[in-house]
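Letters A, B, C and D name the chains as they come in the text, with residue numbers starting at 1 for each one.
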Amino acid sequence: MKSLTGKTLLAIATLTYLFMWVPTITLIVFSFSNDKLGIRWEGFTLKWYAEIFNNAAVRNALEMSLIIAITTIVVSTLAGTVTAYGLYKYKFRGKEVIRMSLLLPIVMPYIVTAGALLVFFTRVVDIPLGYPSILIAHISFSTPLAVFIVLGRMQRIDWTLEEASMDLGAGRLTTWRRITLPLLMPAVIASAVLIFPWSFSDFTITFFVAGVGNTTLPIYVYSALRWGETAAVNAIGAIFVALPLIGLLLMNFFQKKRVI
Amino acid sequence: MENRESIPCVELRNLVKRFPGVTAVDHVSLKVEKGKVFSLLGPSGCGKTTALRIIAGLETMDEGDVLIDGKVINDVPAYKRDCSIVFQTLALFPHMTVEANVSYGLEQRKVPKDEIRKRVGEIIDLMGLGGMEKRRPSQLSGGQQQRVALARSLILSPKVLLLDEPLASLDRKLRKGMQVELKRIQREVGITFLYVTHDQKEALSLSDTIAVMDKGKLEQVGTPEEIYETPRTKRVADFIGASNIFPGKVIASGNGKVQLETEGGSRVIALENKDIRSEEVTGISVHPELVEVLPEGTGLEGDNRFRGKIVEMIYQGDFIETKICLDQTGGLITSYLNSRLGRETQFSPGEEVLVHWSPESSNILLG
Amino acid sequence: MKRKILLIPLALLLAISLVATGCAPAPEKVAYEGYVASLPEGCEPVPPECFEQAIEEGELYIYEWAEWWPDDIFDGFSEEFGIEVSRDYFASTEEVKTKFALYPETPYDLVTGLGISDAYPLQEAGAAGQINPDWIPNVLEYMPEELIEMEHDPGMQYSVPTDMYFTSYVYNKELVDDPRIPSWSVLFEPAEEFYGKVTLWDEIHEVIGAALKYLGYDYYSDNEAELMEARDLLLEVKPHLLVFDSWPRGLLLGDEAWISGLWYGDGWFLNDEYEAIVPALPTEGTNLGIDLAIHPIGSANPAAAHLFLNYLFRPEVNALHIESIWYPPVHTAVLELLPEEFLKVIALPEGYLAKCDPFDPRAVTGRGLELRIEIFEELKR
Amino acid sequence: MPRGACPERHEILRYAQNDTKRRAGNDKGMFFGSFQTAFRIVGEMPGNLREKIRKYLAKQAHLPSVGPVSIWTILFVIAPLGFILYFSFLTAGDFGQILPIFTLENYQALARPVVAEVFLRTLLFSLATTMICLLLGYPLAYFIVMYGGRWRIHLLLLVILPEWTSYLIRLYAIRMLSGRAGLINSALLSLGLISSPLGILYNPSAVVLTLVYGWLPLMVLPVYASLVGLNPSLLEASADLGATPFRRFFTVTLPLTKGGILAGIILVFIPCIGDWLVPLLMGGTKTFMAGNLVYLHFISAANIPAGSTIGVALTAIVLIIMYLCIKAGGKEATERII
């Protein structure tokens, strides 16, 4: 890294990281500030963290968002993995069409999708606005993400391993469970890691298709922050950055430098 | 060989496999004897790997039957077939230890844990892998990985072990060592090996029987000696390394000899073979090491003597690859001269010489 | 290694989601006699059949502004009747309008905080359910006669007023010194020194209505010439604006906005928090806004909804409501319960109400609506 | 925007009531209804035809894996889009109803100068955002790949992790950070770099920078993936042939990572086109974007057909851009999409 290029790259990278992290760091810092607007530093407090558990609205919204995000992750990664497998393994007519139509949910403007789904759910099919509509919307969106991530991994996998397993006497299912899935796992987890923030913080689509009793965290934040206080919301934001960070650090600490 | 009435370990009957635009396996029938090493030899893309994969059940055939131990197993899925394949890429499970890799097959067969442990221990000893049990494949050398792959298949005591160019990824020296090792292991466990390779030397040194394939068709089946010394067709002759091939027609026969006229117009003599009808003959081949080079002064009398000029001499260590341009036809003939002899006779490029080989050395080609 | 690292945060997430899922205590059944007996003096009970049904229903779904009405009202209601209240929040009433237009039987029991220009289209689109007057004796008891007989909903069939609002503006009295206060001109023709410190609502009816009013026309006008004049005025002021924001609280508190179009009640609400900010009642007059609660046709708990409306009109509950939102009340008996300082909120200049325009459907239908949307689009582009 | 000539009140009420009745009754909606019919038709088929279908299905080994998601996509992605297209030809009632009156007016209305202006601004903002993302994201990804060593994954996670906090919460964090009383201004003031607070927010550059902030990770990820996939010996080879690092980058690295770059462009540019929250929260009075226009008609004006029409136009633009990107980048662009 002694070269000029190296130094320039380091500088750009550092600045970019700073750019990406400053808002989050501010958020974490001010989540400990006594100022209820979350703008100024007015002494250390933990009360906003307590507030998360005391304020029923915040707690319900958080719970709702987590349930939706976790369900979405589970269904989408499963469906995405299975679909990617089919797309990779079989040759059939219409494969390209399917691949391209899977791009649609990723590239469509959110607000158009949101409107389309709202109209579709209310005017065309009678799918109740609520968990069903939100989950359908989230899964429709996240599954393609998982498909493409897993598909990417599949292109780098040695597929004779699967044949080797069958040759050694393992049936299709056992092979899936013991060989294919472990090999795909990094991609499955990568999709979960990307789907979580997407589903957890989606506002536009959820906001449109949410029904009775479905105030998710982003909806609450949007509704409350336009007028209300921000400090408790800062605390929630802080938790969601801090948790994975702490997890990472712990893992690093306990794990000897083992290579996969 | 013929008088033994045993059931072949593996038998293919009229096997056909078509891929879009190409017939990979074209009506192949063969029998693999129990306890022997049988090689499928051929250039890459000749369909040998496809045939192997069909036997393993990893590919379905379009026509024909596969039999193991006399039973048709066309519809038996891969995981129920009594054979095991060692892949060219080895296909060791990267996320499992050596031990887990080796015991994988036994676990699928629901073998009791104690027995698995015992058999894994045995095979690891046999393979000389002691101490590597807990390592992952990525932490092993190429040769060690090879052994793990072998152990993983052998531990199942399959009726036949299918090897798909297993040594291709090793360097030359390691490959030599592994060939010897393979032979030893095969003798020790007594399992039938069906070996796919494109390396004729490997096939010659390892096999009891060799089947040469080209473009999906079986060209010739025989012992290594038969294949080497009497290749039946141009393609086999070419592939096995007999680089002197003279296409031609039989023009006369008698006295236990046949006379052919090559496309260039020379006459060559070969021994007559009762089994061969002369219309079928398409030419002859001569191994370069059987081609003698004589100083120019030597007489032209006798069979298979031709005048020529040395165009190239390539020192190959134990022999000198000498290319001679024949005066009569302008064609090239290759001779492997013994290095020492070569020095003694002191041929040099550009020199006019006489080439000669005995009629016994002429091998009649049929296709 | 990578995959184990990533599993930990996921596991932690799962863990907190489990912790966060608390259990609500099982509500106790309440007897009608106890309810009637415990009613504060002067309050009317709902009839027994409504009460029994409400207890039976046991839940109430409300759609409202976040962080607006105090939690105490809902907690008190839940505690007294053992009815679980579940609330969802909208960020603008327009959103409510669209959702109900597309799906009129969205199963909320009550939607609160709607202005008449929001509630009227809902009513006309068939989304507002009939309110049973027999089940809200306490509301009728304290509701002024003129609010029961409003033109757009005579007899209070589809909506119940909960409080009043005026479209107005606020200014920071320490930063803004303009002799024209409290005229609308401060907002619509700001002095040069305030360029970039002025905000207007991000809402069609407020921004256009207020401009019309400043020009001396009816707040709900559908006259094309008048509306075009309002458009020209707005386009003229647009370059001097900071943003269009209906809720510029953060901007006002951070001294980023000095003059903001805002509802009168919210002005006092902010004043309570930041003393420099004061609302102005425009001399030209404004609209006479009524906040309404509607009872959607999709409601699954009609009795609980009526019981809640009845409960909301108990004077001390209403006082809680009014005190926390700082909006003028519609309840006739709540004034004496409010603190002294609240008088400033309701102390209107003599005859001011006469200058305020009551709702007129012309603004939300036909040409009036069409022109408004055109103007708004032109303004926002 | 056009609306139906204001129908008499009783007509509207009748429409609303009929509509409500339809939903309340046994009618399962046109969609499920047609499904039922389809099932019935299949059930009534003669046996040999059913047998044929069964045989055909038996050949389609990919169906169990690809089928469910394909059906899902048709049902919940393509069908809603189709209906938006359908609704864009209808007329809106005064109170948000969709009246089944066919009209082309919504499309004629797309010719308004407002639409052109807003769409152009949207494209401009999105383009600027994408360029900045590329200029920041590519070096970052390059840095991680070349110098990350065994910290690569960690460095990459540091790019993704901020995403784990709700986008909205972070938007508000930026607002409080960049406001007049915010941290940036107070820091600059106390350092004496400025004499009065800067107006950082509520202008076009605030919108673009916030969009960059939001979408940067989606540029870094595909570029990172394509850089990791590069064979390092290629770089060495070109160095061996005497290429300077600079030339080497432009003649070898950049062309070979084209797929990743195009995927990044797709992933950043396209969401930007549809964004409406950032201009709403960060923008001033001159940052109205296409997403906001959809919102205005769809929600503020409750005119579903008009909102649908703009949405359809927006989707068409997005699809054209994606088509161009895929054409330029070949299959790789879609394969590297994440």
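Just so it is clear, a contact is a pair of C-beta atoms (placed from the backbone, for glycine too) under 8 Å apart; a residue touches a chain by one contact, two chains touch by 3 or more.
Owing to the predicted nature of the structure, the values given are computational and were not obtained by experimental measurement.
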For this session: In contact with chain A and with chain B at once: which chains are those? Just list them.
Result: none
For this session: Please indicate the chain closest to the centre of the assembly, with centres calculated from CA atoms only.
Result: A
Problem set entry | Top-ranked pair of chains - ranking by C-beta pairs in contact | A-D
Seminar exercise, completed: If chain centres are mean C-alpha positions, then the most distant from chain A is chain B
Seminar exercise, completed: Note: chain C sits from chain B at a C-alpha centroid distance in Å of 89
For this session: With chain centres taken as the means of their Cα atoms, state the distance from chain C to chain D in Å.
Result: 33
Exercise. So, what's the distance in Å between the C-alpha centres of chain D and chain B?
Worked result: 59
Seminar exercise, completed: Note: chain D sits from chain A at a C-alpha centroid distance in Å of 16
Exercise. Residue numbers in chain C touching 2 or more other chains?
Worked result: 2, 5, 9, 95, 102, 250, 254
Exercise. Which residues belonging to chain A are in contact with no fewer than two other chains?
Worked result: 37, 39, 119, 123, 193, 196, 222, 243-244, 248, 252, 259-260
For this session: Using the contact rule from the top, write out all pairs of chains that touch.
Result: A-B, A-C, A-D, C-D
Seminar exercise, completed: Residue positions on chain C within touch of chain A in the complex are 1-10, 12-14, 16-17, 20-22, 61, 63, 65-68, 71, 86-91, 95, 99, 102-103, 106-108, 246-247, 249-250, 253-254
Exercise. Hey, which residues of chain D end up touching chain C in the complex?
Worked result: 1-3, 6, 9, 12-13, 16-17, 19-20, 23-24, 93-97, 114, 117-118, 153, 164, 175-176, 179-182, 199, 202, 283-285, 288, 292-293, 296-304
For this session: Sort out for me which residues of chain C touch chain D in the complex.
Result: 2, 5, 9, 92, 94-95, 97-98, 100-102, 104-105, 121-122, 124-127, 196, 203-204, 238-239, 241-244, 250-251, 254-256, 297, 364-367, 369-370, 373-374, 376-378, 380-381
Problem set entry | chain D residues within the chain A interface of the complex | 23, 28-32, 60-62, 64-70, 72-74, 76-81, 83-84, 87, 98, 136-137, 139-140, 142-144, 146-147, 150, 154, 157-170, 172-174, 176-177, 179, 181-183, 213, 216-217, 225, 245, 266-267, 270-271, 273-277, 290-291, 294-295, 298, 304, 307-308, 311-312, 314-315, 318-319, 322, 334-338
For this session: Please give the residue numbers of chain A that touch chain C in the complex, ascending.
Result: 37, 39, 53, 56-57, 59, 62-63, 66-67, 70, 118-119, 121-123, 129, 185-186, 189-190, 192-193, 196, 207, 210-215, 219-220, 222-224, 226-229, 239, 243-244, 246-248, 250-252, 255, 258-260
